[in-house]
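The two complexes that follow have chain A in common; it is paired with chain B in the first and with chain C in the second.
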Partner chain A sequence: MKVIDFSDVHYSYKQGSDVLRGISFSLEAGEVVGLLGKNGAGKTTLMRLAMGMMVTSQGSVQLFGLDPRRDALDVKRRVGYVSEDQVLPEFLSVGEIIRLHRGLFPTWDEGLERRLRERFALSPKAKIKTLSKGQARQVALLCAVAHRPEVLLLDEPAGGLDPSARREFLETSIRLLNEAGTTILFSSHYMSDVERMAGRIAMIHEGRLLIDNSLDDLREKYSLALVPRGSGDRQNQLLGLKECLSVRDQADAIHAIFRCEPERCRSILEKGLDIHNSFCTPIALEDMFIELVGGRS
Partner chain B sequence: MLALLRRDPVLGTIALVKGGILALNAGVMAGLVTTLAAGSEYRFPGTMASSLFLAGLIWFSISPFLLFGKARERCNALDLALPIPARKLWLAHVSTLILLGLAYATLIVGTLWIMFWMFSRAPADFAVVKQSLAGIYLPVASGLVLIVVLLQRAKASQCQVPRGHAYAIYSMLFLCTGFALIVLLSSLPGPAALVPIGVAVFLGYRTYRSLPPAFTWIPADTHAGIELPQVTRDAAIMRAVEAEEWEMYGKRGPMHGIQFGWFLIRLLCFHPSRNRFAALFFFPLFFLWGLFMSGFFAAWRDLELPQFSYIILSGYLLMSFLPAQMLQIPGVDFLPVSKKLIAALLLIPAFLFLALGLGAGAIGAAILDRSHLQIQLQTSPSSFIPPYSTKAPMVRIPAEYCQISWNGDPPDVAAPWGESHPAWKYPLYAGSRITVYSPFSAPEGSSPRFVAFQIGRAIEAIYGASIPYQVILDRHLEMSSDQTVALKDTDRLIAEHPEWRPRGQVTLAPFLLAAVGFVYAILVSIYLRAWRAAVSDTRRKAIFLALALAAIALTAGQVGVMIAQWIRLDVGAAFIKILMLRIVRTIPGGTLTVWVLSALVLWGAYEFCRRQFQRVEVLPGQTARACL
Partner chain C sequence: MELHINPGDELPIYRQIMRQIIDAVAGGRLQAGAQLPSHRELAEQLVIAPLTVKKAYDELERQGLIVTQRGKGTFISERLPDVDPAKRRERLRDAAQRLLSQAALSGVPLADVFGLLEEMQKGMER
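Presenting the complex of A and B:
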């Protein structure tokens, strides 16, 4: 069953320059999907569209088969959301903000709330305005997960947290919720977090969905080819191959990402472009990210 | 130095434009209230009340931005990392605050001056005794300089004054002291204003000299910098205490109903852009404005207010608070809170305060109207905004008791003994056949008996009581030495008949509320369309400013039309009042139907705005710069 469904989503902040250009993908119940893309790629926009905070220019977004704008209350009661620029009412104390969320979410789990607030060592009387960024983020995370949402949307949730708090959050909240069948879409620039938590990766680049694969597929079915510069326009020759996703001219060689295993990549280069001295290797997620967003595609 | 002034934290906040709007509003309001008060030319100008009112309005409009909020911050972290001496930063900050304060004060006084100038260009009827604006401006400027310097002496070696109760009390103290100083200076000769400036220069110089090479860093917006006593209790005790506190919060249960509603009101209405003081200023302003529009102050001073000429301005006043409120939406946008509820709490409270003021004022005005006779015998040429200013003596009655002549030919008024005079009349606008006339006028040349006859008719029309004109002539009229007729004691008649109630007293409140709500809805719905993620900040600001300018221009246009003598505001106001009264009397159900119709208009206007609000997109990262 599709829990989140993006269908041909377009969005533009300025007329004539779409930040999202036809994004289509969906999340099944219980899936954990890491959303990748460089700054300004449209990850936050996509999350906000899913929350109904913004309206698509074209295409549709559905959560649980509902329109997040029209059925905003039904959707938001079933969703937990944390964003990198989340605004919590500064004049409330931690205790009050938790009471506020308790009242808004019928499924609030006081046991989970207690576990998380003890883990984060939150003081009930502390005003939000007196908290550090990391502490405020912890409060936001607690509020987003303690009602055991069916969908968790996390837009850079760990930004501002120190490594131990980040790890703690990922390993307690996300894992705990995912075990309960929560669908999670999260964006992060920490590739190690993504690799640890996500089962599937969606990468947005220049408004389009460049990659939508399981993590295992990414590890096994993508490769990096280091191709020596030769005569002619080798970059365009490489881009002409249907398996080639992107190329990047580096000091040592031309770096090309292929949607196939290293063996097949080597074979394609030999047969297709008569290149025999290339070096093809599996690629780590972080390297793939850098190659894809930094190169021509 | 100019670069330092431009990067000062206080300019990087909402203070700049929001303060400007507040100052403009204050100026317009001060102008209107002062002008109205000056209408009773014998009482107002030069009195202590006028100085207090103007000084208070100016000082309390500008001080929130000079004492609170970012005024505490002398520089940011980046400035500290640059090789800029603390002295230079301190001087730049103080200069910015003073210049900003002077700009606000100039805006208020300038608005006042323009209004007075416009009225002084009007025909003699509208001549207003000018306030000595320079006499207000100099004390304000002088007080401002001293208070800013005194406040910036606090913790001068730090990059910001730490926030806390001590600072709040300190600021409030200076806020009140500043006001007292300005009032004192305005009652002293002009050169006295130089004394506080001299003191400020002396103290400022001493502080400047005492500054270290660089400021000490204190994180912004925290209580850091204030030495907190070290907690000596061990961790186990702390945990136990926290557990108890959590238990207490647990017992309180979830936030529902009124508590939740109060949270939303606090967030959306009293916390706009973290400047609670300014927010708290707006709501009393709306209430006061409602009170003003109701005609309460006018009734107090026995004047007639052309209330309908302030409708557009009222819509603008209400809208001017909205941009700062919009920035609070991301605080609840991700929560399962109904957009209808957010829209209601965003759009209704400001209007409600104005409506409350209007309602309270209407009740107050009705009580005041009962306490004195609604009929006056005017024996000298009237001045600004009396009902029907004339250059001749006449029996003055409230506007709603006048009549409309659609063909411009009202009947003459004839007394039983044959004396006859044409009714006082005035065309609705230049060249119009439609005229407003008073069937109770007693023009120049009327005999005292005719005057008594007209007063008797007016009493019958207004109070439904019949008094023979001979009684009025004998008991209540007297001849002055220059052979003009005068009422002996205007309140004696009403004192003798406490049971009298004005019969035709029509409440304009439902009409005014519907009209203001309609204008507010139009302005808001246009403005809300600018709140799309795809609309650039520049365009959003341009739309807001265009709406503000349009509202102000239309209001100024009304004044212009009056000055050009194309239409007389008092006559226009009377025309509208008479029509309203006719509507109330003609439609089935009377006043109740009018209230129901007015409520329907308001509901329709609100629904229209609410639909626009459904489409609003406010991004969490947007700051005050996005809307103002």
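Presenting the complex of A and C:
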């Protein structure tokens, strides 16, 4: 069953300049998808559309087959949301914020609330404004998950956290996955976190979905080819190959990403373009990200 | 048994797990019948998605290296799979090819490669 479904989603802040230009992908129950893209690529916009905080200019977003705006209450009760710039009311105490959330969600799990409060060492009496950034994010996480949502939307949840708070956050998320098989869509600039959590990667660039693949496939069925600059327009020759996803002219050679394993990549270059001195290799996620979104301006 | 994974590696995480379990069996650090942690336990221990561990276990089970007994857990197979000797040699040839290319690229003489292999063999037996 499609738990989250983005279908031909368009969005523009002002007319004529679309941030999202037709994004379609969906998450099945229990899937964990890492959303990647440069700053300003529209990751936060997608998350907010899913939360019903904004409306698409074209296309639709559905959660559990429902409209996050029309069926706002039904959807929100089944979703947890944490974002980097989330603001908790400063004048409230930790205990008051938790009580507020507890009252909103019929499925609130007091055992889980207690466990997380102890794990994060949060004092109920502490005022939000006295908390560190990491502690405030932990309060937000607690409030986002203690009602045991079916879906978690995590928008750069570890942004600004120190390494130990980030790890704590990851460990909690893994534990939730273990206990409940939560469906998770999350964005992060920490590639290693994405690689630990995600089964699938959705990469957006210039308003479109550039990659939608399992993480293992990206490692095993994609390659980077380093092709020496030769005669003629090598870049366009490469782009003419149907397996070639992007090219980038670098100091050492032309870097090209291919949608096939290195062996095949080498043979395509030999047979297709008579290039015999290329170097083809598997590619790690971080390098792939840089090649793909750093390569086109 | 201690497993280590490196998220940034070119090798998918599920393959890193598979490789380490296979190495531990080959080196005798994991004996036939030894119990492995459940995929959920291992996921928490390594801080990776439970589905990734499950994928590694499923693949090892498909290869006959481990068995899952419902309600009891996951164990190293009592009878390790018989691999067709020709296939076994073929697989080794691939690994050897990579090793030799790497050695040639880094300018390591063949004698040193043999030395390294012997050293590693001793390490595995420990």
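Definition applied: the second predicted complex is superposed on the first by the 290 of 297 C-alpha atoms of A that agree within 3 Å, B and C clash if a C-alpha of one lies under 4 Å from a C-alpha of the other, contacts with A are read in each partner's own complex, and residues count from 1 in each chain.
The rule we apply is simple: a residue touches a chain if its C-beta (ideal position, glycine included) is under 8 Å from a C-beta of that chain, and two chains touch if they have at least 3 such contacts.
None of these values were measured; they are calculated from a predicted model.
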Touching partner for A:E220 - first (chain B), second (chain C), both, neither: second
Partner chain in contact with A:M191 - chain B first, chain C second, else both or neither: second
Comparison of chain B and chain C by chain A residues contacted: B
Partner chain in contact with A:I283 - chain B first, chain C second, else both or neither: second
Which superposed partner A:E171 touches (first chain B, second chain C, both, neither): second
Touching partner for A:K242 - first (chain B), second (chain C), both, neither: neither
Partner chain(s) touched by A:K133 [first = chain B, second = chain C, both, neither]: neither
Touched partner set for A:R229, first chain B, second chain C, both or neither: neither
Chain A partner contacts - residues on chain B that touch it in the complex: 221-223, 242, 245-246, 248-250, 252-256, 259-260, 263, 266-267, 271, 274, 330-331, 333-339, 533-534, 536, 614-615, 617-621
In the complex with chain B, residue positions of chain A that touch it: 11-15, 48, 51, 53-55, 57, 69, 72-73, 76-77, 81, 83, 85-92, 95-96, 98-105, 108, 110, 114, 117, 123-125, 129-130
Residues of chain A touching chain C in the complex: 30, 32, 167, 170-171, 174-175, 177-178, 191-193, 195-199, 215-216, 219-220, 281-286
Of all residues in chain C, those that touch chain A in their complex: 7-15, 40, 43-44, 47-52, 55
